[in-house]
Each structure stands twice: as structure tokens, then as C-alpha cells.
Amino acid sequence: MMEFINFYLIPGLALGSIYALGAIGISMIFGILRFAHFAHGDVMTLGAYGTLTAVWTLGLHPLLALPVGIVFAVLSVLAVDKVFYKPLRELPTIYTVIASFGVALIFRSLIQLVWGSQNEVFIRGVQKPVVLFDLLRVSLLHLEAIAIIVGVAIALHYFLSRTQTGRSMRAVSDNAELARVAGLDTEKVVRATWIIGGSLAAIAGVLAGLDTNIQPNLGWNLILPMFAAAILGGIGKPMGALLGGMVIGLVEELSSYPWLTDEPLINPSYKTATAFLMMVILLIFRPQGLLKGRLF
Amino acid sequence: MDPVGLLFFLVGFLIMAGIYAILCLALNVQWGYGGLFNAGIAGFFAVGAYTSALLTAAPAPTHLGGFELPVLVGIIAAAVTAGLTGWAVAKICIRLKSDYLAMASIGIAEILRMVIVNEDWLTNGSLGITNIPRPFDGLLQGREADILFLAFVWVIVAIVYLVCNRLYDSPWGRTLRAVRDNEDAARAVGKDVDSFRLQTFVIGAALMGVAGALSAHYFRFLSPEATEPLLITFLVWVMLMAGGSGNNKGAIIGALSVWAIWSLTEIVTNRLPAEFATRSSYIRMLLIGLLLQFVLQKYRSGLLPERSPGIAFDKDKDKTHG
Amino acid sequence: MITLENIVMRFGGLAAVDDVSFAIGKGIITGLIGPNGAGKTTLFNIIAGRLFPTSGRVLLEGDDITRLPPHERSHKGLARTFQIPHEFGALTVLENLMVAGDTSRGENAFNAVLRRGLFLREERAVYERARDTLDFLELSHVKSEKAGNLSGGQKKLLELGRSLMREPRLILLDEIGAGINRTLLGKIAEKIKRLNEERGFTFCLIEHDLDYVSKLCSDVIVMAQGKVLTRGTIDEVRHDERVIEAYFGGGKYEVGT
Amino acid sequence: MKKSIVMAAVAGLLASTAMAQAEDVKVGALMDVTGPLASFIPPLMNAANFAIKHVNDGGGLLTGKAVLVVGDSQAASQPAVDAANKLVNVENVPIIMGALASGSTIAAATAVTIPAGVVQISPTATSPSMTDMKDGDHLFRLVPSDNYQGEVLTKIVLAEGIKKVAITYVNNDYGVGIATTFNEAFKKAGGEVTAFEKHEDKKNSYRSEIATLSKGKPEALVVIAYASGSGSKIVKQAIEGGFFSRFIGTDGLRDDQLIKEVGADALKDSFFSAPTSPDKNDASAKLHEMFNAEYKEGADKPFVDQTYDATFLAALAVEKAGSTDRTKMSQALRDVASAPGEVIGPGEWAKAKELIKAGKDINYEGAGGSYEFDANGDVTGYIGKFVVDGETYKQIAIFQ
């Protein structure tokens, strides 16, 4: 039982938090700008490297240096939106999807040019886990990740339901035409989307980097499960994406728990496949996602 | 530069471009005619490549088969299995709207890749399959043999082009474009939309399988990374968008020009000073990314945009505006 | 021709169509009127098969077609136009019409590649009919234009033409006159009348312009809030109190007799 | 504006082609610069450049300078073939160092270099299927086939008195090859393998895999993976979870990166195997010293030795052949790499050039081995046993 909690449940929740933070941005961008943002993983990577630079130059703890990474990631996506995505806004979304593919390539090459391609770590050495009653062994980072996601969930809920910008975002996501007619400043909403999406991605990137290491493909390797999470939650539903991320993370980790026999239920090599399989099944039977998202 | 070397470089270049041209024509059937956002091209490519490799390679204890069948049999079988895979995928998710179909097809391609990497008994997993023959093996020696393979590839490109053109210039193609332009209206005039989409998906998938098979025969070696989903899928999309979706000639021209950019930038970046040695590859990727943005913003309808095939009996042709 | 039996259509908790039953007579032009949100287009979608009703039955000359997909209804002789033009934008006007023709041999992918001779005759026949239809609708001068480039009115004509290509038994016209200038409107009305009189086509049309309806329809059904309010000739319904109330909101206007 | 940029680029291209003086000799290199192995490349690129620098500092190649031309094979077949095509046909190189991954090496060889008659020396490809390839003596490699390291590792592990292990390996040609041989050899020698599981590279969490691996209470975990990929993550998470404290790794794991991520303390009971030089050859230490003096770090990264040696050998072969004639390369390579002959070590280009000029036979003994090629172009390797000592690795025994 403790083994289940220590090595399957909590790591699953932590992994889920990382997916969730990325998926929220993907879902919001999908809902408001109506395209699948393939460069989102690389925004995470940018956030991680931005933070890393602050850690190196200022000698801060990664979580304290995080704001630097956030600002860096947000400025990058805002610039990219202005230069590369905005001119394509009125065209069929396929153009923007492809453009975002190109942006992913640009981000990654720039990262490799500036920081090089070798792995980096925030903190050297093994992080001793928190041990409670000799039973619970949890990495501090995982507790931090779970705490962050809870905080983000509360803040996001407050933002979306109580603030003017949040409500406008929901309106645009539900019906862009109507929102425009109603006189909402869509460009402002778009900007807010990038700022939130970029910030959360940066946090996700730093958490992923803390959990393992930082390298140029950090975010790119996570993009598909994050998409799965966004779809799972229902496109355009940030809270849904959050839930979707947690579900995907948990399913991935729990699928290899020896549920029935002594053997893992699913061979760990197919761990990632379970996330995709869930996504495909959901797309077929409930394409609007867990929390009724938009269907385009 | 050595002219003979340049000739053989061109041969290799055109073989790859031909393989991409087939992928691009196949995507054109799915997206250009049918409006289906297939983002799992690499999956069908992989199925085709493995089918043909397993059927034609020399027997080996490490993977299934090695039946030493003729290459042509392998290629036809590749089309069949990739088509069947396409059929199964389409059966499940053809009703999904564009972006969702894209996600589902990426997911399925990724699952296929995992099966290929993990099921050693079938594919020899990550160690891959060696000793895959080429057609007319032994007729010519050394790199001269590449010329034969080049001819073989482009004969197939020509056949695929012909097939695609005939599909396009037919009531079938017309109906498909109608389905793409307006699904509800197509239903209202009696078209079985799902059936047409299914057919399109299967035909496109089968052609992608052919391209996969050709690549396996070209490399004579096949391992899972040959089917890296995001790279192949992404490149083919760029080619089709740049060439002009809905236009078969555009698809081929797009494949040639984007492949030229992709491949030739390395020759340029290699000319950078030595201290850039590690960096030149990233600079190249950066250039490609920027070039792509340039194409999307300035040449977005492609080099050759879609045009109607015209009606054969329409004698009093006034100027065609399409 | 078409009989609706107790049709109910719910979206979530809302009944867009609430227990509607009526029949449309063969060979006549029936008008379906009512204020916005009355459920007219929903009802059209149910007849055409784009929506399946929550309950109730749709009969076409006695056959139950309630669960038949739209394309099969089209093969049974049902044709429709859409409120917002649904042209095939990248196809030429001529192609738009030819698509609607019966080209079942040429629509076989195998034939399209390997046995092109097989559908030549069929294709020629469809072509001739498309030309005739274009002439009839006075669209021949734009036949090679992409349909997406046509004006709103031309698109409406194109939709009508596409329906005609189906050689249907019943054509459903959803606000064919909306957003069209009066000259063109008159022209369309005249075409519809000719088709009805000379070739015996049955029409059912949704329209807001009552003058227009009065010119064309001998039978008018009035709907409001998902229900059939009344039915009769245009003059009968025009003076029906319930109709006036439905249109102008109860009690706001004093209604004379 | 745009036009002028294009013009400038074209002019630059033409000028650089023309400027490359006639006597300069290009040496091709296939490196997986971008793609999944990107994080390995910087030190390897330095190693290749370092070898070329030694050539040029020591009198140059033939009558000119050696120029390294790099093709990006991206650790995948298609880019490897494309890059090899450019090296062979456009750059016209006489010989190629690379590629690194077995997959890209085999694809480049079968599709391009073998038909074109260009010798390819891979510093790192370990796939057993390269042994029997019909390569017309064009494909060489500097590391023993997986089969070999797997068997030697068995001896090392048993010599430590470890009888019961769990194995996890990265699911690529490198991991599968070594793990499979080790698994078989270890069982045959009487050891017990409690678990034998592959894992995907690129994941963030391996905790559930490790939990499964620890089930049979093995004494140590054999991790056959790259330190900069899944390897470090697995070791780190296994220690954090309290599952394992003792690890056995191969050359992929024996990387400064591992110490950087896990810390030296946690690795004091672990040991590693890696190809090395025969008995008391100090070539490796010498190279590392020179390397770190030049680049400050990275000498101890995996495959640095072999990459340097492969590049150096490629240059030696050209020098020995006396021209850029491709047909002479495979014989020349065999001549300079194999005994007998005066022994040449890393960096001793001037001496080698002198000897070749004098018509003497030479025998390159590199930092990563002595490289006596057999008929298949394979080497019988020497495998060293390494432990962590301070912040780096120390070789404590050599096995053959």
C-alpha cells in the first residue's frame, strides 16, 4: 500500500501537475486562438533555461529565480505571436498550426545556440526524500509541484470567474464572434492568454527541470501527453485541462502498477501509449472532453 | 566541385525528393482533395516500410519473416497494409473535426511507433532490419546502382501522379472536393460523406505506405527512428502548403523545393568558419524555421494553387477563372 | 408527400420543436412561417435528416424515414437549400451543379482511375442537364467562376439549381429570399412558380417576407415557440389573432379585424 | 534588400569554395548533431576538432591542411543518408569519421558510402549486425560489438561477488544490444537476473519501473543507458526511493553528467565498464590532460576517446595512402592501425608523418584501445572497470 502511494500515486500526481500546467495553456490557446500550439513545449524549455540563467548569475534557488524564467517565456511568446501568428489569424488554422511547428524549431535551435545542447541541472546531487513514520517517502519537489498546482487551480478559478479579463476570456472561448460583436477587445484577450499560458508553461518547465534535468528537448518531449491532457479536459476549459493533466499523469504511472497479478498491469514500455490510447478513445466517444469543452 | 560527384549527389537528392513527392501527393489526396487533417503521416509511412522490409529482406532469426519476395510484391503489400491501417484508423475517427482528427492521428502514429520499438519478435525492435534489397540488385555496381533506383522511384512517382490526377479529374474527385468545401451541402445532394472520407483516407494511407517501402529499400536498413513521427509529418505538411494544396503538380514541386531547402542549407552552413562547427546545424534548423515563416506569410496559397480540372465536354470554354 | 407525426426535438432541456404534426401535399407550394426561434429551420433539418428528432416520426409517401441519413433521403427525392448559402466554394459554378447530378459510376474511385470510359456517357448527360439548369437560372455567364466568388443572390440561385439537379420530388427552401434584392427575388419567385406549374415540383419554403409567401404559397403553416399555431391560406393566417400575437408579442398592438 | 542578401550568400558560397586551397584535404564527419543524441555532441565535436588541430599543428595533412566537414546525421537513417550523400558527392571527402548511432551508421553505409567506395570509421556504433555486413572492407568501428562488452561485464560483475541483479536498459540499439548479451552471459555463468526490463528514453519519471525492478531483492541494478538520457534519472530516482544503492553501468552511463546529477557520494559502491586501451598504455590519460587543457572540461565524457581516435585514424589513413584516392583508404587504414609498426599515440602527428614519409610502418594505439581490426572491420576491445573517485572516474582493472 505504502509502495503504491510512494512510487506510483505521488509521482503520478507530480507528473500530472507538470502536464496540467502545460495543458492549461494549450487548452486556452486552442479555445481562444483556435489552433494547436505545437511550440508550447518549447515555451516550457525557454522558461527552464531563463530560470537556469538566473540561478547561475544570481545564485538563487530555482523556485525563487522562477519569475525571471516566466518573464522570459512570456516575452518570447508575445513576440512570436506578434511576428508569426498574428498575420495568419484570419486564415484557416492549419497555417498557424504549421507556423507554430516552425516556431518550435526556431525556439529549439536558439536554445541550442545560446545555451548549448548538453544537459544542465538546477541542483547537483540526490535530493533526500521526506520520510514520515518510516513509511511515506516523498520527494520534496513533488510536494512542491502538487502545492503549486493546487495554488494555480485556485488562482485560475478566481481569475476566470471573478475578474473582467477572465470573464472576457471565457466569452471569447465560448463564442468569438459574439464576443467581438459585444465589443470585447479580442487582442487584449489574446495577450492575456499568452501571458497566462506562457507563465504556466515556464513553471512547468522549471518543475520538469528540477525533477530531472534541463536540455533543449525538455518540453518537446512532453508536448504529446500535454495535448492529450488538453483534449481530455475539453478544449477551451482551463480547469478541464488541469484535470486532464492530472489524469494523464496518473494513468501513465498507475498503468504499470501490479494491479491484478505480480506483474505490472501494462508493460512500462507502453506507459506513454496509455496516455494516447485514452486520448483516442475519448476523442471517439466523448470528443467534447471530460468537462464539456468546445467542439470546432 | 567534382561534376561526377555532383551528379551522384543529385541522384541521391532526387531519390529522397521522389519519396517525399509521393508522401506529398498522398497528403494532397487527404488534405488537398478531402480536407482531412492527417497528422500521423509517419505512422502509415512506418507500416509500409516495415511491411515491405519484412517481406523482401533475407531471413533472420531476430525478426519475423525475411521472405525474400520481389521488391514489387513488397511495395504492393506495403500499400495494402498501410491502406488497411488507414481503414481501421478512419473507421474509428473519421467523423472527428479537423484538429481533433489531427490529434487522434498523431496519437495513433505514436502508438504504432511504440509497437514497432517494443515488439522485437516482429520488427527486431530498435536494432532494426538489415539486408533489405533494392529492385534490380546486381545489375549495376556501386553508386551507379543508385541511378537505377532513382529511375524506379520516379516511375512510381509518375504512376502515383497519374493515379492522383485521374482521381482528381473525375466525378469522384469533384465530389470529394465538394465534401471538403461543405459537408452538409454534400449530404444534401446525396453524397455519403463518411464513405468518401474513408476512401480518401485509405487511398492516402496506402500511398504513404508505398513511400515508406521505397525509403526502406533505399536505405537498405530500417529501424524505428526512420519513422520519427514529428519530423516526417511536419516536413510533408510544409511541402504541401508551400507547393499548393489541391494541386498535384504543386505537391511535387513543393516536395522538390522544400527538400532542396532542407538538404542544401547544410552545404551552405558547412561553409561557416570552423568555430561554428557545432553550431552550424542549429543555425541550419533556425534558417529552416524562419524560411517556413516567410513562406507562410508571403506565399501562403502555395507555388501552384488549386484549380478546377475543367470539364472535358465543356466546349465553349470561356476564360477559366479557377 | 411528407408527413410529420408528433415530432419533438430537445436540445438540453429546451424543446425547439414541441409535438408538431402536419402533412405537406403533393404538387403544391407550402409556406412555413413564424417569428425567429419558432423552430422552422430545426424542423427543416429534421425533414432533411440533418437532425434526428428526440421523438416522433417522419414519413415520406408512407415510408418511415425518421432515422435515414440525409444523403439517403436525397436519393429518395428530397432536396433542400440552406439559409446561409452552402456553396462548394472552390468548385466552379458548373461543377457545383454537376456534383449534384447522379454520377454514381464516376464516383467510384476504381473506375475513376482505371475505367474512365465507363462514366463518360453518364458524365455527358449530367453536363447537359447542368447547362440547361444554368440557362434556366440565367447563370451561364458565370459557369467557370469559383462559386465562392459569387454574390449572395447568385449563390441562392446556385443552391436552387443544385436542388433541381437532384430531380427531386420535394424541395425544401430555407429563406431563399433573404438578403436578396427585389429584382432577383422576383425572378426566383417566378422560377419556383414555373417549376411548380410546368414540372409539378413540390415545394416547402421558410420565408419571413409575407408578401412573397402570399405570391407563391397556397398553403401556409404558422409556427411559434416550437408548435404549429395555425394553418390555412395566407389570407386566413394573416388575420389570425394568435399569429399576430406571436409575431408582435402579446398585447403590444391593438389588433383590428 | 532581399535580393542583396541572397546575392551575398551565393557570393560567399562561391568564394569559400574557391578559397579552399587546392591542397587542403577534407575529412568527413557524420555526427548526430541535432536530434535525440544532441546532448552528447559538444564534447565529441571538440574531440574531432582536437584531432584535426593536432594534425594541422603537427605539419598538416598531405601537402595542405586538414579540414573537418561535418554532416548532421541527426541519429536517424534519412538525415544520415542525406548528410553522407553530401559528404561523399558534394564535399568529395576521401574518408568519413562516423556516424555515432548504429542506425545512422548502417543506413549511411549501405545507402551511400559502401556503394561509393568510401571508408567509414564509426567511433561508437556497437550493433552486432555490422559485423556480417557485406561492406567490401569499407565499414570499420572502434568499439567492440555489443556482444563483447556484455560478456566482459558479466566477468566484472561476478568478480565483485554479485550474484543477483536486476537489469534495465534503454530501448535503442545500444541498450538492447549490450543488455541482451549481458543477460544471457550472466545467467549462463550462474548469476541470477531478477528482472530484465527495457525502458523508454525521454521520460521524466521511472519510479514505477524501478519499483518493479526492485521486487526480487537484487543486490545491484544494472543500468544500460546514457547518463544524459534516462541513465542519470534512473539512478537518481532509485536512490531517492531507497530501492538501490549499488549500480552497474556501461560506457554510456560512465559520464561526468552522472556525477553532476547524482553526486559522487551516492556512487561509491557502483562500478562501470567501458572500452579502454590495453594494459599500461597511458594514451588515455595523456589525451584527457591535453583535452582538458584545451577545452577546460569534457575529456571524461563517453566516446570522447573513440571520436578523437577515429578522426585521427582517418587522417592517418589519408596520409598513409599519400593521396585522396578513395580506393586506397581501407588498406591504408589497416596499415596504420595494426601492429606491427612503431607505436603512435594521440597527438603524435608530427612523428607519424615523419615515419610515413620515411616509409616506416606505424601502429596507432589510441586513447580508447589499440584497434587491431579483424576481417570484418571490428576490433577486439579491452574493457576497463571504472569506479568513481572524487569528482571523476578511475580505471581500476582491465579485462579482455
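We call the chains A, B, C and D, going by the order they appear; numbering starts again at 1 in every chain.
Definition applied: a residue touches a chain if its C-beta (ideal position, glycine included) is under 8 Å from a C-beta of that chain, and two chains touch if they have at least 3 such contacts.
Going by UniProt, the chains are A, B = Branched-chain amino acid ABC transporter permease; D = ABC transporter substrate-binding protein.
These numbers were taken from a predicted model, which means no experiment stands behind them.
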Message = Can you tell me which chain lies farthest from chain B, using the average of the Cα atoms as each chain's centre?
response = C
Task = Just give me the whole-number Å value for how far the CA centre of chain A lies from that of chain C.
result = 48
Query = Approximately how many whole Å separate the CA-defined centres of chain A and chain B?
reply = 31
Note = CA centroids of chain B and chain C: separation to the nearest Å works out as 42
Query = At what distance in angstrom does the C-alpha mean of chain D lie from that of chain C?
reply = 73
Request  = Would you give the residues of chain A that are in contact with at least 2 other chains, written as numbers and ranges?
outcome  = 112, 116-117, 269, 272
Ask   = Hey, what residues on chain C touch two or more of the other chains?
value = none
Ask   = chain B: which residues touch two or more other chains?
value = 117-118, 278, 282, 285
Query = Which chain pairs here would you call touching?
reply = A-B, A-D, B-C, B-D
Ask   = Which part of chain B faces chain A closely enough to touch in the complex?
value = 37, 92-93, 96-100, 102-104, 106-108, 110-111, 114, 117-118, 234, 237-238, 241, 278-279, 282-283, 285-286, 288-290, 292-293, 296-297, 300
Ask   = What residues on chain D touch chain A, complex-wise?
value = 34, 36, 38-39, 41-43, 171, 197-200, 202-205, 207-212, 215, 228, 232-233, 236, 239-242, 257, 260-263, 265-266
Query = For chain B, which residues count as touching chain D in their complex?
reply = 1-2, 5-9, 12-13, 16, 117-118, 120, 125-128, 130, 141-143, 145-146, 215, 218-223, 225-226, 228, 231-232, 263, 266-268, 270-271, 274, 277-278, 280-282, 284-285
Query = In their complex, what parts of chain A are in touch with chain D?
reply = 3, 6-8, 11, 14-15, 18, 112, 116-119, 121, 124-129, 137, 139, 208, 211-213, 215-217, 221-222, 253-254, 256-258, 262, 264, 268-269, 271-272
Contacting residues of chain B [partner chain C, same complex] = 163, 166-167, 170-175, 177-178, 180-182, 184-193, 199, 203, 246, 306, 308, 311-314, 317-322
